[in-house]
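Naming follows writing order (A, B, C and D), and every chain is counted from residue 1.
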Amino acid sequence: MIVVNFKTYPIDALSLARMCEEVAHQSGRKIVVCPQITDLWIGHEVRISVFAQHVDAMECGQSTGAITAESVKKAGGAGTLLNHSEKRMRIADIDFSVQKCKLLGLTTIVCANNASVSTALTSLQPDYIAIELPELIGGDVSVTTANPGIVSDTVTRIRKIDVSMKILCGAGIKSGRDVAKACELGCVGVLVASGVTKAKNPRAVLEDLVSGLL
Amino acid sequence: MIVVNFKTYPIDALSLARMCEEVAHQSGRKIVVCPQITDLWIGHEVRISVFAQHVDAMECGQSTGAITAESVKKAGGAGTLLNHSEKRMRIADIDFSVQKCKLLGLTTIVCANNASVSTALTSLQPDYIAIELPELIGGDVSVTTANPGIVSDTVTRIRKIDVSMKILCGAGIKSGRDVAKACELGCVGVLVASGVTKAKNPRAVLEDLVSGLL
Amino acid sequence: MIVVNFKTYPIDALSLARMCEEVAHQSGRKIVVCPQITDLWIGHEVRISVFAQHVDAMECGQSTGAITAESVKKAGGAGTLLNHSEKRMRIADIDFSVQKCKLLGLTTIVCANNASVSTALTSLQPDYIAIELPELIGGDVSVTTANPGIVSDTVTRIRKIDVSMKILCGAGIKSGRDVAKACELGCVGVLVASGVTKAKNPRAVLEDLVSGLL
Amino acid sequence: MIVVNFKTYPIDALSLARMCEEVAHQSGRKIVVCPQITDLWIGHEVRISVFAQHVDAMECGQSTGAITAESVKKAGGAGTLLNHSEKRMRIADIDFSVQKCKLLGLTTIVCANNASVSTALTSLQPDYIAIELPELIGGDVSVTTANPGIVSDTVTRIRKIDVSMKILCGAGIKSGRDVAKACELGCVGVLVASGVTKAKNPRAVLEDLVSGLL
């Protein structure tokens, strides 16, 4: 699975999602897109899953300005990222949101900033953990060039808590070779952002990434 | 002007906005609706102004999960509430958002919890200040039954900073008589929420409120 | 172990700590006190452990207004509470603070609001987890009168992650019998607050609690 | 007046405060020091004013981990910074804290990040506004070398709200000449931090700054 986070770049979300849809259909692989909350309606337009980037841990009603899980579902969302590095959450709120999404049938991908936090968040039983290991963030290091133990040790720690937890690699992914390496090390896919959305040729980048999936 | 905050109640935002649109056209008065962020697209469907309930003080790009002013504008929003009592903001962030909205042509209604804060926020030059005076929150007190000095003193303090600031009464509004009283005391309109959205007959309540406008 | 959280009540922290010290010495049991941050210096005056109520996840230096772990240690603190229900933290920040405290030799007690979060936080390897189970908060329910499965199930889940994690019961403790029951169910002690600090006779309450320790 | 913010640098707060005390007495000028919250007790040891760096907008009692204004006063504090750039606050909370400090007899210095926010915060009637103008932050620009209009325009805007508001210059101060210039432009003093605390010879730097006071 490839998850593409559109962040809040000023892009045409529907066009980008349609391109992702085409690559998904041609390759037969699963691609998920995460547009801005105001673009979530594209979930009604494309036949791939559209996820929110965040939901607030608030009940419906007296919560002006909040992004509720209920509104994400109604708007066409099939799931959500939680605790992204640009939107860190309190643990009680991650737990609340994971439980609420579960009740509503929304898939959750919880981001984690290191091995310890990844392991901890596994106990909250989200659908996916996206590991953003500090050794892989920034610079020229990728999953392929880094010490493979960095990823595999984290996978091992997570598997001790939940042997079937699905893990996404959320950092150090620059090419299909990195995707293949991440899958080899125990991940089921990757979470990417500007590598695709800001590429000169997003389709070519995405096709390359998809080619690395097992 | 009547501003109706839909909060995050599980309602059919388009139906409610269409009703508001009808009352606006029949009465010739201005009504603004503030649906949840995922319902902001109704701004393309109705001929009254649709505002967001909040925007984050973030630039576009590396701000996963944020509600940017740019996305609000693109989605069909004509403005936004800021600093609502259920979504309090840091003052540097209110300033940032007011300035950003100004550049984008979005109207800002900044909420304030008492006379001092109302006066302070006036210096940030939003389009409207919505005053939520503590003496008018909860209980059975309304603008009509309360000491009129509570509202008029706040209006006077705001006017000393900016003689033409447009003021909305954001608490103590239960009927058209309260709207009329608020206008008499210097407000140009009101900000209401559950009084309309949770009413058995929202249209009747809204028509009554509108009847109080000067 | 009995941990007494002084919260921010306007009390004479040194007198209260001295009383706790006396009860600790008479009973031979361990009592920890958590005064306000400005009272942490009492750690130099009493021979029981004095903990902070919170530390911010900030490095020393450019962090005006923060409570750093380093300052807690220097001021006489032997440890700290983290993620108290009145001061919830982001999980990345709890992880940061637990690691920092470990390096500095400060003991950490991480609070958790239910069984899932308790289990998750165990993976961050603090010294203690204080479980504040929702079924035991407020009302007349105590550990003794509640379904014992509520506590023992949580203990079991935590033990699956870390068989030797030390668990404190942070809710439903009103008497020595509750302390005894909590210990019987797998806890090594309790975390209490107003039950002691606001009691007419704090010493009598504390002596009763201590009598329940195994 | 010179206000020295110690931030959270690992320094000997009492020694540094004593040095400031000596310079204050030799020069006959007012110097205020702002140590970390755990060092606030030095207020009982020196005969210059000691301020906190921040207080939380919380009442005493059920606010574990908070820094209350009451605790600052009891610990020896004579006042506090509020809304420092490293600890930004919501406007409702700044208002709450300013009012609470006023009741307790604590002096407030509210920091502001630009001319608009400075003007707004003046309406909350703190004792001082510390202006941190963006044009003066970082780089080699100081009050002396910058366009004087940057400071004087802000002073003028503040004076329109409150003709007697005391203004501190919180950025662009590197020498006594800058202090003199800031005073010439309408400030009553300056707020400095690492310029003094991290200097090789803090006393020499402080004596130079003091020499610029009118």
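Quick note on the criterion: a contact is a pair of C-beta atoms (placed from the backbone, for glycine too) under 8 Å apart; a residue touches a chain by one contact, two chains touch by 3 or more.
Everything quoted here is computed from the prediction, not taken from an experiment.
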- Based on CA centres, what chain would you say lies at the far end from subunit D? A
- Query: Taking each chain's centre as the mean of its CA atoms, how far is subunit C from subunit D in angstrom?
  - Reply: 35
- Cα centroid separation, subunit B vs subunit C, in Å, comes to 44
- Which positions in subunit D touch two or more other chains at once? none
- Task: Have a look at which chains touch which and call the overall pattern line, ring, star, complete or other.
- Result: ring
- State which pairs of chains touch, listing all of them. A-B, A-C, B-D, C-D
- Listed in rising order, subunit D residues that touch subunit B in their complex are 83, 88-95, 99, 112-114, 116-117, 119-125, 161
- Complex interface listing, subunit D residues touching subunit C: 5, 7-10, 36-41, 53-54, 58, 60-68, 70-72, 74-75, 81, 84-87, 193
